[in-house]
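This is the structure I want to talk about, given as structure tokens.
The first chain written gets the first letter, and so on, giving A, B, C and D; residue counts start at 1 in each chain.
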């Protein structure tokens, strides 16, 4: 109503039609959401690590009455984690270039590594030398490695889905950006995985 | 529209859960039926017609997680562990296996507690109020996995000597079975 | 209907009805029964959040009235301890988890943040819709439990060992723990949406230092949610594991620890207080500016204070645990930290006074509620200073003195601003003005009733009345004060009834509001009321902190966003330069289906651990359905030159 | 029934030199600890009161000064560097005053905390308090087991000597609080801690559990009975003795009933076969003022009601109902009342 009495405005314009409709890396909104998501999950891991050390102060012996978890599968898994960074890095590098073949191959290898890590993880549970019902130490170890396995499984499924998409013509534009973001998340899974390993294999032996 | 849907969800939830007495906190006991003790049968043989009344409301303790948990507390407080350990047996027989010398129905266990049994099991008649004996009976059954998991106690705040009752696999009772105990 | 009106309004403004019609068609949300579950527009989801949360506020209020009724005389037999414990636990849990955070942070934030940013929709609208359904799921689980005698009875904090497997048989505490998971996942999801919207969807030119204070506060709250809520999820998750699969985190006999739970819980619990209070402070800052008719004084100190509050909130959790007997050094540290919180809060208060002092105060209805907030929150804040002092805290901790304190801060810090905000943004949401007369009745009834009830509780606390007791002996001579406290409930109830009457009455026959009835400066007042489904006919640009007050008549508008697909503009996090365009995913049923399957898995896990692997199957299936690309995917375009006025 | 009981209770309380309930108050200290806290409370209170008055005056002043009555949106106040400058000074000085005030509060709070916590005197009386759902086990530990006094819910202390309380809990978290004496302390399972106080004036000071602990949290009271050193020592000597032999025939029968019914499953009476530690020690139950964690007066009627139907008085309590015959009941009550 008020506008009728005002002089007609002739606003300037800001033309955005030339802007790209997809962004890679930190400009992507999903990338930002993924950072927040990793912050949430990272906070959970941090609190579980704090729980682990807190409970340790309440116990004279650590691990209390158990052998430390056997190294075999854990060490193998750590190696897989480290090697798997290569395909993740490849996807992240090639996706912005629109190199769909490289992205597909990278995702394929990433999925294979994730699958291998998940299978090894299943064996890892058999070498913990305790059950979660034994005592607080055992509960913490199981929950630590359990939470990480949840992340591993999520990442495995996500990578497989992206891999399937990459066989369709829809692997383009924002999907490529998603594939690159998936690599960031894989880095997160690797880093937390190594930290969990240090906690349950390392601190039980050397600290 | 959405309100109706939410109402429907709530109502169906009520009908499913409302029928379940698992959560009842039985704080004040129903009037004691003082003669129940003599009505519990050890054997299915009766002279004459079967006119013996059913022990009242013993099932209510089997269905309430609170009562079973109270039974667990009493099992400790009344030093049942002294003979039966935590279900593993010691002076008395183990309670977490499938072998039930005097029967596995709540009424059988109740009678065992109240009357005592040869070779060491004392009679707790007068010593343990009847409702508590029913609670202990319910707990004893949970040790052999005879109660639904939702009712059986989980781990206690004690040393874990044995797996929690709620994770004990169900046993197939042997011993006195097929007693026409507690007709409906 | 709302769409048609807004098109007319936009026509008058710009004379571009064709564009408006095309945008309306593109951004249309589906109607009908299933359409309701497909809606992903932030104004609709925001209002749903608010309405649902308000219903739970009324339910929680009814429980409070039951509590006051029970305590009205000594040895009252209205409720036994079993029911009473459920009632006060439900009251606390409902008010904190189902009302305060969902309404003040989620509902209000989801509604107003994209409008204030100048965005066409919230970032990740489907995640946002999913969070709403998940929140409803958690609320139904808790209240379904309560109505079937499975209501939690361990207090809203559920301390172990009382809430542990040994002392809480059955599934009551499990219901509480799972409700936490539901509502926290929901809050975390919305925090991601809001933070991303604020950082990436701001109108070109709205640099960080031109952001309205409300957006700053929402950003800080989102961060607090992201870093605090994981703690309570860990706490309730470990409790659930202890209860359901026999872990020993909190079992002292097996190396567990009961204080660990308290640390985890309060590491969340205190930031939670600021998660509830900061949205209120944000509303107050907005309203003080609008009704003082001048730029808010001390923009920078207020923003710094808000950020500082967000940080300090994480360093004071132990003041809930003084009575556990911690070393004196840590007690002194946490006393100092708790006192420090006064500084940022005080700064905001002083800036508000200065703004009013040098402004041109207009005491309209929303501003009346602001003055209510000043009075009530001041008392709560000052008694908080007492509680920060360890010796005094040890005396009044867990008494009605503390009950009085946190009702003054929470009702003062959340409820009064909430009503101020509802009356302020009601014209935007409903298109009609609320009645000032009824609003004033509402205010005075509620204000008087509130102070009668809760001021009295201070004295009960000093006279030794502890919290969470279902009855008391006549020898304690607490009855008189309790009767007085309970009588205030009558006034508050009457006030709430007047409020409901006002809302329903004004929605139908209130005066037509127009675009900007209060003459406020925020971008949300630039479009018709209620907003059209595309929010802005042209995405605006901004050249100052108070766009509608300061922008020149030829302020630039954004052109070049496609109107045949749902295109939104993404700008730089810091200086808000346009960077690229995003496509809004549009309405979808999948968020609802995913929320349904997640809820089923959560509820099932209370009863059997198998619900987790089995329930994961539909969850994964619906998630793939949600995320699987449909339609044609936009191809990358050559990078354009960024432009800023 | 409840009304009648409470009538009886108040009658008995009136006789038993119990603290005037009007003085059951954080701000009526009977111990130096509560005294220090009271002083700090009032100090902070008056500071905050002044702050409150100033703030309200500021808001009222601002409102009155700036107030404009008009219904439509008003024009915006133009930028005024001068006003902003003055406001900056005002806000800045208000902040400075706030910081200074908070610093004073912090220092006084820490100093008071030290005065409350620091143990100055020697030769304290040490008392172990163990929380149970829903009663307090009280014992006066001694290196010789037979010199250890064990009682429940009523804590006798000598006036003028330091009392060290050792805390522990048998089940859930409880919190020990007597407002007139000192601040509260949680009783945590898995932790034992110690704190101390000293009482100036003889009297009975009420206390209760302050941490929510389940169904009967409301009825988990205790009392601290402060008496002269002589009285305290006499009490302690009496408590060390075994239970008195019943003298009347009714009491003798009562003992038999006690030992042949559910009572002995939970309670101890030293000198008899009853030795369970599940419930309170009843060896000298008649020497206590109240029963059922300070819920009922220790009279024959209340005792009988409690024995027959405790779930009516404290629903959920661990004590089981005992449907004794009237004669048996009377006998048991007579026996318990003779246990001085």
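Note that in this section a residue touches a chain if its C-beta (ideal position, glycine included) is under 8 Å from a C-beta of that chain, and two chains touch if they have at least 3 such contacts.
In this text the structure is predicted, and so the values were computed from the model without any measurement.
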Pair of chains joined by more contacts [C-beta pairs], A-B or B-C: B-C
Chain ID, smallest distance between chain and overall C-alpha centroids: C
Chain centre separation (chain A, chain B; CA means) in Å: 48
Computed distance of Cα centres, chain D from chain A, in Å: 52
Separation of chain B from chain D, taking each centre as the mean of its C-alpha atoms, in whole Å: 38
Chain B: positions in contact with at least two other chains: 25, 27, 155, 157, 160, 163-164, 167
Chain A: positions in contact with at least two other chains: 133-135
Junction residues of chain C - those touching two or more other chains: 80-82, 161, 166-167, 242, 245-246, 248, 251-254, 256-257
Touch relationships between chains, expressed as pairs: A-B, A-C, B-C, B-D, C-D
List of chain D residues in touch with chain B within their complex: 171, 189, 215, 260-262, 264-266, 276, 278, 311-312, 315-316, 318, 320-323
Footprint of chain B on chain A - complex, ascending: 133-135
Footprint of chain A on chain C - complex, ascending: 12-13, 123-124, 188, 191-192, 195-196, 199-200, 204, 226-227, 229-231, 233-234, 238, 241-242, 245-249, 251, 254-257, 260, 263-264, 267, 514, 541, 553-561, 567, 569-570, 573, 578-583, 620, 624, 627-629, 633-645
Chain C residues touching chain B - in the complex, by the definition given at the top: 33, 36, 80-82, 136, 140, 143-145, 147-150, 161, 164-167, 169-172, 242-246, 248, 251-254, 607-608
Complex interface listing, chain A residues touching chain C: 1, 3-4, 6-7, 9-23, 27, 29, 32-33, 36-37, 39-41, 43-44, 47-48, 51, 54-55, 58-59, 64, 98, 132-140, 142-143, 157, 161, 165, 170, 172-176
